[in-house]
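First chain A sits with chain B, and in the next complex the same chain sits with chain C.
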Partner chain A sequence: MNFKDKRYIVLFLSPTVILLFAFLLYPLIQSVYYSFTDWYNFSNKKTFIGLDNYRQLVQDPVVGIALRNTLILIVGAIVLQAGGGLALALLTASVKRGFKFFRTVYFFPIVISGTAIGLMFSIIYNYDYGLLNAIMRALGLPEQVWLTEHSSIYLVLIPILWQYVGFYFVIFLTGISKIPEDIYESAQLDGITGIQKAFKITIPLLRDVIASCLTLATAGALKVFDVVYIVTKGGPMNSSELLSTYMYDKAFNGQNAGYASTIVIAMMLLGILITVLLNKAVKKDTISY
Partner chain B sequence: MQIRKASRKMTVSLLLAALAGGLLAGCGGNKDNAASSTQGASSPNSGKQVKLRVATSFAGSDPWVSAWTDAVQSFQAANPNIAIVDESTPVNQEALRTKVKADAATGNLADVLFYFNGSETKILQETNEIVSWEDELAKDPEWASTFNAAILDKVKYEDKQYSLPYIGFYEGLFWNKELFDKHQLEAPTTFEAFMKAVDTLAANDIIPIATSLTTPYIQEALVLSQVGPEGQKLAYDPSWAPALNLIKELSDRNAFPRDALTLDDDKAQALFSGGKAAMMFNGSWTAVGLSSNPAIQITPFPLVPGGKGENMIVSGFGSGWYMKKNDDQAQYDAALSFVKYMTSPDVAGKFAAVGGTYAVKTTDTGTTAPLLTAGNEMVAQAKDFVMPIDSFVSRESYTDFLKGLGYLAYGKKTAEEVLAQAKKLSDRNQG
Partner chain C sequence: MSTVAENIGQRRGPGRYAGRTVVYAVLIAWACTTIVPLLWVLLSSLKSSDEILTNAFGLPDTFSFVNYVKLNEYGNLNILRGFANSLLISGSVVLGVAFFGGLASFVLSRFQFRGKSLFNVLFVVCMLLPQFAVIIPNFMIIKELHLNGTYWSVILPQIAGNLSFAILMMTGFMAALPGELEEAAVVDGASIWKIFWRILLPLCVPIFATVSIMIFLWSYNELLMPLVYLPVRDMQPISVLLSLVSNAYGTDYGAMMAAIAISIAPLLVLYMISQETVIKGLTAGAVKG
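Our next item is the complex of A and B:
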């Protein structure tokens, strides 16, 4: 590479580098510093307290609940979001008619904001005016308190899964469309069935796409905030708390930005750890056809 | 070759510097423009354009939004040289607190604020950027005379008048007379009548008290009724425990909506206004929406057995007008004239028609609803007033306290545990 090329590389990369530094890296470095401070009310007064916030983090029972819920969300995202997207894509790919209709219907929830979806589901789960209890009444069954200590995390999982399943569906559908038709044709000559086609040809050849989707689903699950906050605010009794909702609660409702920064660092480390592990687990030779 | 290399390096460096400079200039540009656009103006009516940033709580579902919007429009019509930049932010989810605190920390406070008093005044005072009103009140005795002197005194911080009180609030027990009459119940003015109503209503599939257990109102009432004004000042004192245990007792008697732990305040209010619930303990800001129903009555929370807070209410002037110091005289004058306009009897009268009690003289618009008048009478007859608990404790301890009450209502924590945890957080941050 000659010098002239390098000059342009620097020139064209610099806006992104500057923006990334200003709005991502610099705040991140600051957050690491804040996580070692006593910082309340977003004031200018910050007191260095060493590892006290980290000690509190380890002893905080709500952090334990949030970690458990985050893991439930990750498993749900991998199995039901990415898995559901794959299942829908496999089913739709073989559909002769209405392909565009299904693609639009499954993809549609993505364009609705998380806040709107959250509001919709909070009304669905409402005890007195909610849709679910209206159905129960219509069926002559007793009304239920839907969002309880034991059910809340699973019930907030439903809108999150519903919202993003279409995203993975479209990715898998694009992946399937790249698989050469002649592979299927030759298999058909050998008498392959529909299910065998999916498990012996399509899924193995989609391995790269599946690996990417698993990483995306995991990273997406770590970032979930809006729907959970709107539907339950992390309650009842912190039972649906995620690290993100707990961090928000501490930072903005509790105005304790020092401890909230510690939760942010924990979230970041957890995200890096899970992504690295996942990448190692799914890393194999790339498939070419 | 060396020279060409050096010149290329220089070109890249210059381009990068220009780019970085452009970004930084973009960030700071607003301030510079605002400053230059106002320089040279000498008064609000001098003809020079002044941009006035105002941050208030009159936003979102706040009942005074329309009165505020009308007032801003009429001020702008009368002062075409002053452009109001309305940065009003809802108080929900602490959005206004976060905005103002972040503005204060970054030296970016709005010119005029309608913001909380008490512990929040301290945060603004520490910036050394807000005006203490004594001089301006002394310069304009006519304007000063429109304020209630006793209330002015109540909102002083370290003997300084940083805040001009405006709309006062009260909290009371709203009850639906129609539902009470239907079930032959007495008005909930005594604790016995209140508890009898709870049991009877619950047995008849009517929610006795519309409340979300994530909001502070019912526990404020119980604590004040139990320990009185002196005891209420002792934040998270073990003497509060009997009051908190009543929350557990009420929960056990099905006094609250079944989903009180996840319900928000708007939905709780809807249960009461829709006739599904018979009582609601809430603030005067909800009275406006309820005033169209003549069956809705208001009374102070009844005295709990062994309590010290008979006929005492949570009330006060939780917010007030603040003004930023400004070296630019035109900007300062514009801000001052805006605050004077907002606190004038005519404008305050339009706010008063919506509800609340006022620290300034108001022109009667003749449209005040009977429920709002009853609320004001309740305030007039109260033996004593206290500010809400969250006005004198740290936010972190208070949010933890509120969450703890959910655990308490469902028997997962004792009152003593909830109080001890909140006290621990409060001691750590005397914010």
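Our next item is the complex of A and C:
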């Protein structure tokens, strides 16, 4: 069916187009412009300062920490989230019963907000009433201050990584279920073991799925905000800062929206760069069965 | 996939049971990591703060809902009020996206006009655009539109942020529907509005349900946008209040647990009711910015 009435086209599309331009595209251009300005306290006065914010960005030691933490998060997401999800999916596919139960249960944390999970883990790590110190007391060990400058980034990583393992588990499980069974049959006649089956047949056939999971894990890692904001607010001493939390801090606590916009642009460029590199590294020839 | 596993299992003789036991042990161990924290929150929410400390893992001595009642006593941080705000905000976002997205998808799937492919590019770009990229300019735009201090300040940007994903999903669904009924309706002289409302929409109930559930989940869990756009305590959704709980409640861990439990309860119910939809939708929506 092909209608052509122009009035309806305009009438039905315009609310969407107006909303997208007002709250996404126009602000995106503004973000780029702000990143070249000196702008404090959300005042009316913005001064164009060229690349000064970008120079400051390169020299900012906290940006260095945030960048390092973001990279730790990306590596963690790829190895532990996607890798863990793949391992669990392979194991689940190798046993007969329970795959529905595991899928249901592993997906729980993804449905819950990062805020609730963050609050849960800050209670776990808390000195006085925390679960970890309750365990320490029960074992007769001295209580610890868990969130220190050295440990903080790894301790906030745990909830983030834990939350999304089930997500990759589901993607890989779906991928495995699409591999036709006759592929395995001749290998079985040769007496292949379960582990060989996984590494020689299943994983190579999942290459496309693995490639898209790498991109998703990277993009997901760059978007993390809630959990870190709740558990540590980027501290102590900026040690668990991510680019997202640092940007928030600069814009809405430091009131330096110009520099915060520069961090936003850097985050976007980083995201695009990593995605392009990953897509080049994992060439996508489609596999047909 | 289970039959493959079975065949391999049968070929492997004595080691088979040992191997399978290990596999189940690993899978169940991971299942515990997703279930135990939830149970811990639920049980602790029924204990007093002292009991959380002394009896961290057992069942509560007496089941009391004191903590839930107490949530009402923190006047400036009323979780129940926040819960109602969340339902109002996320409900409005879902309605807005379904209405505007539905209209736009109808045009894109049923109308022929020049420049249609440009709209697809627009929606893909807007879908991939992360929220943090526009958070600072939108903060200003909301002020300029005099929306600050109203529910609209979070509803409109969230509608804009979710529209592209919804439109891409719904257009795909509508385009795949056969057009014979509509052709018959045109012959009978039905208006375009009638064709949309009476013929197409009833067929699209499944996709509207999927999209609505996904967008409710995202909106309910969203922290950054309401945190920045809506600084009025009485109007803030539960996610923002949760982020303040650990400072405001001091050591009242029982109340904190009750707050977490209340905030995740509706999501877990939604998940248990529509599990397939949630799992499929969240994996499909992973690319959303």
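Just so we're on the same page, the second predicted complex is superposed on the first by the 265 of 289 C-alpha atoms of A that agree within 3 Å, B and C clash if a C-alpha of one lies under 4 Å from a C-alpha of the other, contacts with A are read in each partner's own complex, and residues count from 1 in each chain.
Methods note: contacts are C-beta pairs under 8 Å (C-beta built on N, C-alpha and C of every residue); 3 or more make two chains touch, one makes a residue touch a chain.
Keep in mind the model is a prediction, meaning the values are calculated, not measured.
In the superposition on chain A, A:Y127 makes contact with chain B only, while chain C stays out of contact range. When the two complexes are overlaid on their common chain A, residue A:L71 makes contact with neither chain B nor chain C.
Between chain B and chain C, C contacts the larger number of chain A residues. Of the two partner chains placed by the overlay, only chain C lies in contact with A:Q188; chain B stays clear of it.
With both structures placed on the common chain, the touch criterion links A:G235 to chain B but leaves chain C unconnected.
Look at A:L147: by the touch rule set out above, it reaches chain B but stays clear of chain C.
Of the two partner chains placed around the shared chain by superposition, chain B and chain C are both touched by A:A22.
Of the two partner chains placed by superposition, only chain C is touched by A:G98; chain B is not. Looking at the shared chain after the overlay, A:L273 reaches neither chain B nor chain C.
Once the two complexes are overlaid on the shared chain, A:F252 sits against chain B and chain C alike. The contact surfaces that chain B and chain C form on chain A in the two complexes overlap at residues 3, 15, 19, 22, 42, 128-129, 252.
Put simply, chain A touches chain C in their complex at residues 1-6, 8-9, 12-13, 15-17, 19-20, 22-28, 30-31, 34, 42, 88, 91-99, 101-116, 118-120, 122-123, 128-129, 131, 134-135, 138, 162, 165-167, 170-171, 174, 176-177, 181, 184, 188, 191-194, 197, 216, 219-220, 222-223, 225-226, 229-230, 244, 247-248, 251-252, 257, 260-261, 264, 267-268, 271. Residues 1-9, 11-12, 19-20, 23-24, 26-27, 30-31, 33-35, 37-38, 40-41, 49, 52-53, 56, 100-101, 103-104, 106-108, 110-113, 119, 122, 126, 129-130, 132-141, 156-157, 159-161, 163-164, 167, 179, 182-183, 186, 192, 217, 220-221, 223-224, 228, 239, 242-243, 245-246, 251, 253, 256-257, 259-260, 263-264, 267-268, 270-271, 275, 278-279, 282-283, 286-287, 289 of chain C are the ones touching chain A in the complex. Of all residues in chain B, those touching chain A in their complex are 5, 8, 11-12, 15-16, 19-20, 23, 93-95, 97-98, 101-102, 104-105, 123, 126, 207, 214, 257-259, 261-263, 267, 270-271, 276, 394-396, 399-400, 403, 406-407, 410, 412, 429, 431. Of all residues in chain A, only 3, 7, 10-11, 14-15, 18-19, 22, 38, 40-44, 125-129, 143, 145-147, 149, 152, 231-233, 235-238, 249-250, 252-256 touch chain B in the complex they form.
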